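Across the two complexes that follow, subunit A remains constant while its partner is subunit B and subsequently subunit C.
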Partner chain A sequence: MKGEKAGAFKNITELFDRYMGVFFLVPGIIIMGLIIVYPIVTNILLSFTDAHLIRGISKNVGFDNYLRIIKDPFFMNSLYTTLLWTVGSLILQFSFGLITALLLNNPNIKAKGIFRTLIFVPYTLPIIVVTILWRWILNRFYGIINYLLVAVGVINNNVSWFSSSVTVMPSLVVMNTWFGYPLIALSIFAGLQTIPKEFYEVAEIEGASYWQTFIYVILPSIKRILIMLLILRTIWIFNAFDMIYLVTGGGPNRMTEILTIYGYNLGWKEYWIGRAAALSVILFVILFFLIIFYMKGLKLEEE
Partner chain B sequence: MSKKLLIRIVILSLIVVFFRTSALAQETLRFWHAFTQPVRIEMMEKIASDFEKEYGVKVQIEIVPWAQIKTKWTAAYAAGTLPDVMVGLSGDTMEIWLAGASNPMDNIYEELGGDKFFTPGVVDKFSKYNGQLIALPLYAHARLLLYRADIFKEEGLEPPETWDELLEVTAKLTNPPTRYGAIQFLNLTGFGATECFYSLLRANEASFLDENFNANINTPEFIETVKFFVDWYKAGSPQGELSLDFHADWYSSFTTGLNMIGIDTMFLAKSLETENPELYNKRVLGVCKVPTNKGKEGAYGGEAISLINTKGPNNELAEEFIKYLYETDRYVGFLLTIPAGQYPVTIAASESERFWSYPFIIENKEGVQLTLECIENATPVGMTYGINPYAPLVSKSGLTERIMHKIIGEGVPIEEAVAQAQDELEKAVKELRERL
Partner chain C sequence: MFISFKRQLTITFVYLGLIVFVLFSIFPVFWLMSCSIRPLLDLMMVPPKIFSSEFSLEFYKNVLIRTSFLKLMSNSLLVALVSTFISVSFAAMCAYSISRMKFRGMNIASRGILIAYMFPQVVLIVPLFVGLNRLGLADTRLGLILTHITFSFPFAMWLLVSFFKTIPIEIEEAAKVDGASNFFVFRMIILPLALPGIATSAIFCFNLSWREFLYAFVIISRDNLKTLPVGLYGFIGGEYVKWGELMAASTLIAIPTMVFFLLIQRYFISGLMAGAVKG
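What follows is the complex of A and B.
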């Protein structure tokens, strides 16, 4: 008996040893499942119902929510606005980020450590602080931008940057660029540090100009970083909500009503939670195909 | 220590923790309020502390700013973690009731003394829905026309009583870019335009919804009010300005002398005294009723901040706490944390010597008396004909702001913009009605 018990115990111990890794992973998987998979699945199921924020009982409506959204002219307006916001922000953030990274990488620049720290400050600020700050910077009456532009004679009268259809989106994009470009700059700068010096030496020996060095040495070396940043920043900017909502609320007259604000209004102001869930699924599908396009188009997979 | 002993200790500890936690849950009252000023926070903490001592329980306060009330209570309701008592605006009380997340408060009303306790009319106006009391008002206020009395005096102007007079003084006071007669705050972030516009709508005896709570926008009175608002904007605001936010920009524009007139509650008086005592002592704040359209008697825009008996775990304790808050001396003490901004809804408090002899109240007696007079005939946005579930479709949707953005920003004719808004509101009301 004792021998049998000892044998059984040995088997249990062996079992435990063999699958110990799995046992340690299970709690994490359960938690991940609860906080990621469960909300996603619930959201998808919700998108097929007429769920209401105030009146709880809902029924299945099939694809009705999706059709309503796609037929809604305000949805198309929001989609266009979101693309404008995303593309504009990406172009400026990457342009400034790349230029800043190249400057930081320049051996002739002194006190790089201090600049590196200062450059990153905007990205560390909470969004609410960024929006309050920029609302004051661009304030029609008290803003420093109007003051300087009037002082140097670029404009004669103060501009209301967030009121006009011409200036509201560019103003928001500039605000977003100021906030987001430091991450691009420092990520690219980190990538630049990994380029072996020999590459630059060979380029110099071959008589390459700075531009040729940039195109044939630097860009290929940091391509993977650029693509990953592009994917991540596209997702983050596309899904942004707070920065625009806190400044314009989606106005004036829906000119800055990006998809996330449109969805928020659907769910929290019009009470249609089911439709808001459907919109979030549509957003996910749009982003999913966008990322696939990036990866295939930029040949990341092959590499 | 042997394994068996260790296991026994662990099991015993778990049992103790379980019962202790259960006991604690029964003894804790959870109270949400939205009062973010330090003086009101302190007062609520003191009231809670006194209640704890008297009842031998714990009161857990959570401060939920007004803008977050909806997201917070809906999440709590879904999670089954509603507080026992919370404060809310009229729209909040309606939504919470419709969701089935609050208890009727008729019994508390009767226990307090009913119509012998509360100021006549105020409970019915702000808290009664389908014959039941879905909340109890804690305090009320009404909107007045506030103006820079010092500048009016300099310019030899009198406070306006009609719309024509209001347009006239606004135009006279406007001298861009350093001074504007009446800046309008049309940003979607603050709904300041909705509240200001509603006051004008009431002054013109018009409304967003009719007595059956159908969309009532495409009426001559409504269009007339929109026309006046646009004219007022043109007379007194920076042209093309659509992005100023009421909560962020009204106070600074008034105190710096950029803006001369606005529609607001007497909360501004207390803000002035606290944040700019020098200006306050110069008695720059003038008050009068919101001017009416010619020939109209008019009414007013107002609001009640109410107590809601939400479906938390401690209903009996919640009822005791609500009654505790209304005890006259304590209640007047709370009202005087923002004197002239918070108005009594009980008879005893309205007649309280302590309230009327408070120095700030005496200094601002004119505004206080005007507000109390206006409260009698004031309603929240969208609730001209009583509390209803459709009001948030006009008060919190940005409908007014979007009408103005179309007219002012895009040059859409007024009638067309109003007709579009009527269609939008009709559709929203219809959908909500089907749902209810």
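What follows is the complex of A and C.
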């Protein structure tokens, strides 16, 4: 009797051991299902209902939520602000990042590690700290930027950077650039270091100018990293929420209300969970195309 | 003579350019920290002084004693530690399995991880909130921990799969020839070898949770359960903003994340490139 029990126990341990690889996957599959399948299904189901944060669901409304969003002028407005925010941030982050990486890559530069570490610091900060810091630096009365710009004579009076309709989006883009360019700089720098020294030597022997070396030697070598970074950063900047919400909340006058803030307001300010779900589905579709591009890029790299 | 002069000039310009970028990166952070250790009068001085002559820990004292900072910090710590522990344990198991899979299975799995990681929070928040509400976990720390696993788990997987792949399979085979069980191999051989990778992904997960804002903002509404970023956002509200205290609190939140990143900086970029680019 005792021996039988021990035998059964032994069988179970053996069974577990043989299929350990499969058992190990179970929690992961559950979590991934909860992250990927459950939200998509729930969003789609909710998007056809009149789900309300307080009143709950009472009926199906068909495509009403989608039609309302598409007809909403504020939705079009948020598409426009998202475009400004994403394109502006990408251009500045990549220009700053590329220049920094090229400077760091100069073979005569010493103490690269120190430069690299110091440049990287902004990216380590939590977004809440980034936003508080920039609100303070750009503060209308006590901000150091206003003081410096007035002292140099660029502006005559202190500017209220985050509440004036002209300066608010550029200020946010500069803040985002400050936060994000270090990552791009260091990623490109990592790519630059894989270029063999001989390539540069050949270019020098051929009498190529720096510009020619850049176009014919450097750019082709880092093309793939640039494409990957561009797609990843597009997705991340497109999906940013707290960076803008914590500074302006989408204001003034909805001038910085990007799609994610628009969606947040639908659900958590106006309580229309159904509409927020419909917007999520729309975001999914946009994101889906971005991810397809990314996967295409991956394939390109594997070849 | 001319060439070397030209070269010298180039190097000078390159250094100047780098210094400009270093100042761009560092000055705001220097300003944050330097403002946090001034007396109130120096902080509100017009024109502002770059270097304050007086040193004061008044703001830190106020933050630690007069605000709920310590309570917020303990909430953040709890959420970050528990979600990290769960994510990294499960991710280590899964990543080991995936890294030993045949090519096709691995490809599908790593694409799945990548997609999960790219899902924006704003898209996930409605289903997560609705789900937690049904389970009765809205406005609880356990609920928040579960939402944090949704981003820290894929990230840990991402890092660990590429890390496990670097451990040669021959080591395992040798042990198995000697009669070791699969679990023994995993527990006694693989885990110790993977310890640096596991530590790195734990640091990452902790950091991601520590800085997270949106989920904590939506899921938690009771003041005594809030985390640091949300609590700090609450400090800004009101007519009169206490900038000094905000600077001090920001510095306190930022220090652990800065130290963590600088510790694993080298691994961060290579991990990012290996994970993000190679999928």
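Methods note: the second predicted complex is superposed on the first by the 261 of 303 C-alpha atoms of A that agree within 3 Å, B and C clash if a C-alpha of one lies under 4 Å from a C-alpha of the other, contacts with A are read in each partner's own complex, and residues count from 1 in each chain.
By our rule, contacts are C-beta pairs under 8 Å (C-beta built on N, C-alpha and C of every residue); 3 or more make two chains touch, one makes a residue touch a chain.
This is a predicted model, so every value here is computed, not measured.
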| item | value |
| --- | --- |
| Subunit A as common anchor, with subunit B and subunit C clashing or fitting | clash |
| Winner by number of subunit A residues touched, once subunit B and subunit C are compared | C |
| Which superposed partner A:Ser160 touches (first subunit B, second subunit C, both, neither) | first |
| Touching partner for A:Asn11 - first (subunit B), second (subunit C), both, neither | neither |
| Which superposed partner A:Val129 touches (first subunit B, second subunit C, both, neither) | second |
| Touching partner for A:Ser209 - first (subunit B), second (subunit C), both, neither | neither |
| First (subunit B), second (subunit C), both or neither touched by A:Ile291 | second |
| Partner chain(s) touched by A:Leu25 [first = subunit B, second = subunit C, both, neither] | second |
| Which of subunit B and subunit C A:Leu246 touches, first, second, both or neither | both |
| Partner chain in contact with A:Phe141 - subunit B first, subunit C second, else both or neither | both |
| Stretch of subunit C, among 6-14, 78-86, 204-212 or 222-230, that runs into subunit B once the two complexes are superposed | 222-230 |
| Where subunit A meets both subunit C and subunit B, residue numbers | 135, 141-142, 246, 268 |
| Subunit C - residues contacting subunit A, complex | 7, 10-11, 14-15, 17-18, 21-22, 24-26, 28-29, 31-32, 35, 43-48, 90-91, 93-94, 96-98, 100-101, 111-116, 118-128, 130-131, 149-150, 153-154, 157, 181-183, 186, 210-211, 213-214, 218, 228-229, 232-233, 236, 243, 246-247, 250, 253-254, 257-258, 260-262, 265, 269-270, 272-273, 276-279 |
| Subunit A residues touching subunit B - in the complex, by the definition given at the top | 50, 52-56, 135, 140-142, 157-158, 160-165, 168, 245-254, 265, 268-272 |
| Touching residues (chain side subunit B, partner subunit A) in the complex | 70-71, 74, 95, 98-100, 177, 186-189, 238, 240-244, 248, 252-253, 258, 389, 392-393, 396-398, 401-402, 405-406, 409-410, 428, 431-432, 435-436 |
| Residues of subunit A touching subunit C in the complex | 16-18, 20-22, 24-25, 27-28, 31-32, 34-36, 38-39, 42-43, 46, 51, 96, 99-100, 103-104, 106, 108-109, 115-129, 132-137, 139, 141-142, 144, 147, 151, 178, 182-183, 185-187, 190-191, 224-225, 228, 232, 235, 238-239, 241-242, 246, 260, 263-264, 267-268, 273, 276-277, 280, 283-284, 287, 291, 294-295, 298, 301 |
